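Shared chain: chain A. Partners: chain B in the first complex, chain C in the second.
And then the complex of A and B:
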């Protein structure tokens, strides 16, 4: 029996990768995966398409330092992808991998200017 | 919002999944209703699809209710009992039962008198709702009178179970909520005597999101997104049950083509879940080669899901009142090309496992669920079928949806009710699911949508689906095109209460990972 297991194990060869040196680029191929990030500033807060489309109010248009900003709270996000699909400006995008970890609740909230640590 | 009489027949539209079934509704006084439902369940004549409160004026303002709940707990400082709130609000119990011999689904509404702060406990007769009534009590303060084990259940941060076994040599071992691997959060309190487990109490609700309340006021399309996220590994089952309920409530129904796709997605979901469970069992028994190889097969299935539908966990595949946005010409070809190789490898490792004495010996007779418990607690899915009970909505209620493919309910041949029987049920189901997928592939392709129904109608609906863990039931009340009330009954909600019993049924501490893996319970499904 044990010989069979040994052979069965060896027969498959190696199928894993050497993370993080070699990362699987699987996710970007698919439509839905992790929570989105904001990868560029929004040029037209008036449209508010993202805030209207978001089913869980994870996206809101807020006032920050005296001007409008798009606020994304990924703790409330259910990764439906509507913001990625609907924003005419391409502000929202899917990250390449699911490896985001934050140490505090506040860090899960990003506004348009504070997006540099994402992705 | 004006009061709607939900019992009226006009509130219920006949839909395709329930073809050939009669739907009826009745309102009685709560005592008569509970007595009747209990009698049907105990005699085995009926099966309970859903149990909870019907929408009433106490459910309209969630913020108000939450504030009241906080005040009550804060003011009394009493963690053991939510304050009584028999405040004159009208309240109705709802039990949806189905009678297979009569092919009838019955909505039983039980009216509590105004000011009545309690209702007769159904759990006193039918143990399957022990946890449900604890939750109902904690949420509303309405007492299930006669409940045999009334304790808080929903706030583990405030109240954890107490040990039961006492005396010389007994030891109390708390485990969780954070555990090895990427398990969901759950707390287990073991009372042990040496290695022997004397008693085990699970405590969940670490991931309670109150999804049912979050959906109130949402459009069914948005609520469907929440339904998909109740439990990631049962995305399709919950989405399907929700859509079937919503389509009945909105009066739009579905079509053969739509249902055929849902059946296919449901079986794709079962395939990757069962392989995952095989892999977890192999891990629990130290069979590392099988664990790794089966985990690899699961990953291949997830990638296949993503290639066909765009989502590894099949999110977005089930849509309300229309076919999936899937290119079936390419999708079916890919599935037909890749599934046989995965199947060959999985069967090879399952064969090896079943011929390895160290694996089989560890599973038999571990974590036995007595047939009497399986019946008394209304268990579902592979856990029930491993006890020889032919419980499967695919053959009970929805058989006509499987006409073109056939479906056989797979019970265990030996019906021992232990981890090995559960493993063998899943092995047999692997073959059945693959067969259904293979037969459906050539039939797909015709896209279909149904008339959206009247957007302003008030209606109710019930939807069921067989998830990899068993029957999922959703009850939905809609008014003006918005969700008024939603009730979710995940498969694991039926199986969790027997898990502790099976764990303490003559097992030792090191059996626990095996029992855990063989039950394959979802925490998020119960917590929701």
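And then the complex of A and C:
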């Protein structure tokens, strides 16, 4: 009886995650997501589709150094994914790292300045 | 790594199971005890916090343990939107903890308020009441994010010596 359990245990190997050590190997196994990130600058800040879609006002259009910019505060983001679906530019994306945590409040806020198509 | 992969991943070699214990040894005596307090949560964050102690995530291998008394705790793990009724309780819990003490805010409700931000009974984010060492966004954050948040909190105390 015990031999059966011993062999089963040896066959399954280590089940516990090795997370903090092998982060790159552990995380891509999961197709879950946490909070979105901004991966490219917005080209048309007049559309404001993302700010309208956001249910908790995590996304706002702000003035940054005299220019319009998209501000994403992930502290308010409930990861509903409406910005990812509705942005025609693809500004928002699900990041690969699902373990986001920051040591300061400021690092949760990202601001992307708007650019025009002609540069 | 291809171009369409967003949010780069890189291995950390600074923190494995033995490394964590070595770091903790300097200022927390080899292990870290966590007191979890729910100040008005919907229990989604609790579900993820509970998952940390199952055999899969197994946070005990890192020298992290849950405790039931704030007097035994090094870390205060705060989940939920801070309600008027729980604000004095949170303060008392924090005051009962021995120094050095860390505060980790978990989830959108503790960080900002999220969907409860406009409620009349919401007293504001946790960092308006207590000094917060690590912020974990997500609704709810997954257990990996919780482990990362605890890691950030521990690393923030590097070089701080006990008197």
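Here is the rule we go by: the second predicted complex is superposed on the first by the 87 of 119 C-alpha atoms of A that agree within 3 Å, B and C clash if a C-alpha of one lies under 4 Å from a C-alpha of the other, contacts with A are read in each partner's own complex, and residues count from 1 in each chain.
Everything that follows uses one rule, which is that a residue touches a chain if its C-beta (ideal position, glycine included) is under 8 Å from a C-beta of that chain, and two chains touch if they have at least 3 such contacts.
Only a predicted model underlies this, so the values are computations on that prediction, with no experimental measurement involved.
Trainee: Taking the superposition on A as described, I'd like to know which of chain B and chain C A:26 touches: first, second, both or neither.
Mentor: It touches chain B and chain C both.
Trainee: Just to be sure I read the superposition right, which of the two partners does A:96 touch: chain B = first, chain C = second, or both, or neither?
Mentor: In the superposed model, A:96 contacts chain C only, not chain B.
Trainee: Quick check on the superposed pair: does A:55 touch chain B, chain C, both, or neither? Answer first, second, both or neither.
Mentor: A:55 sits against chain B and chain C alike.
Trainee: Given the touch rule stated above, what does A:15 touch, chain B (first), chain C (second), both, or neither?
Mentor: Both partners.
Trainee: Scan A:78 for contacts with chain B and chain C and give back first, second, both or neither.
Mentor: Both partners, chain B and chain C.
Trainee: Quick check for you: in the superposed arrangement, does A:1 touch first (chain B), second (chain C), both or neither?
Mentor: Touch partner of A:1: chain B, not chain C.
Trainee: Examine A:39 and indicate which partner it touches, taking first as chain B and second as chain C; both and neither are also allowed.
Mentor: second
Trainee: Which of the two, chain B or chain C, is in touch with more residues of chain A?
Mentor: Counting contacted residues of chain A, the larger count belongs to C.
Trainee: Do chain B and chain C land on any of the same chain A residues, and which?
Mentor: 15, 26, 30, 32, 55-56, 78-79
Trainee: Chain C touches which residues of chain A in the complex?
Mentor: 15-17, 19-24, 26-28, 30, 32, 34-35, 37, 39, 55-56, 73-79, 93-105, 108
Trainee: Of all residues in chain C, which touch chain A in the complex?
Mentor: Result: residues 5-13, 15-17, 20, 55-58, 61-62, 108, 111-115, 117, 125, 127, 132-139, 141-142, 144-149, 151-153, 155-156 of chain C touch chain A.
Trainee: Could you pull out which chain B residues touch chain A in their complex?
Mentor: 214, 218, 222, 225-226, 229, 287, 289-290, 292-293, 296, 303, 306-307, 309-312, 315-316, 348-349, 352, 355-357
Trainee: Would you mind writing out the residues of chain A in touch with chain B in their complex?
Mentor: 1, 4-6, 8-9, 12, 15, 26, 29-33, 55-56, 78-81
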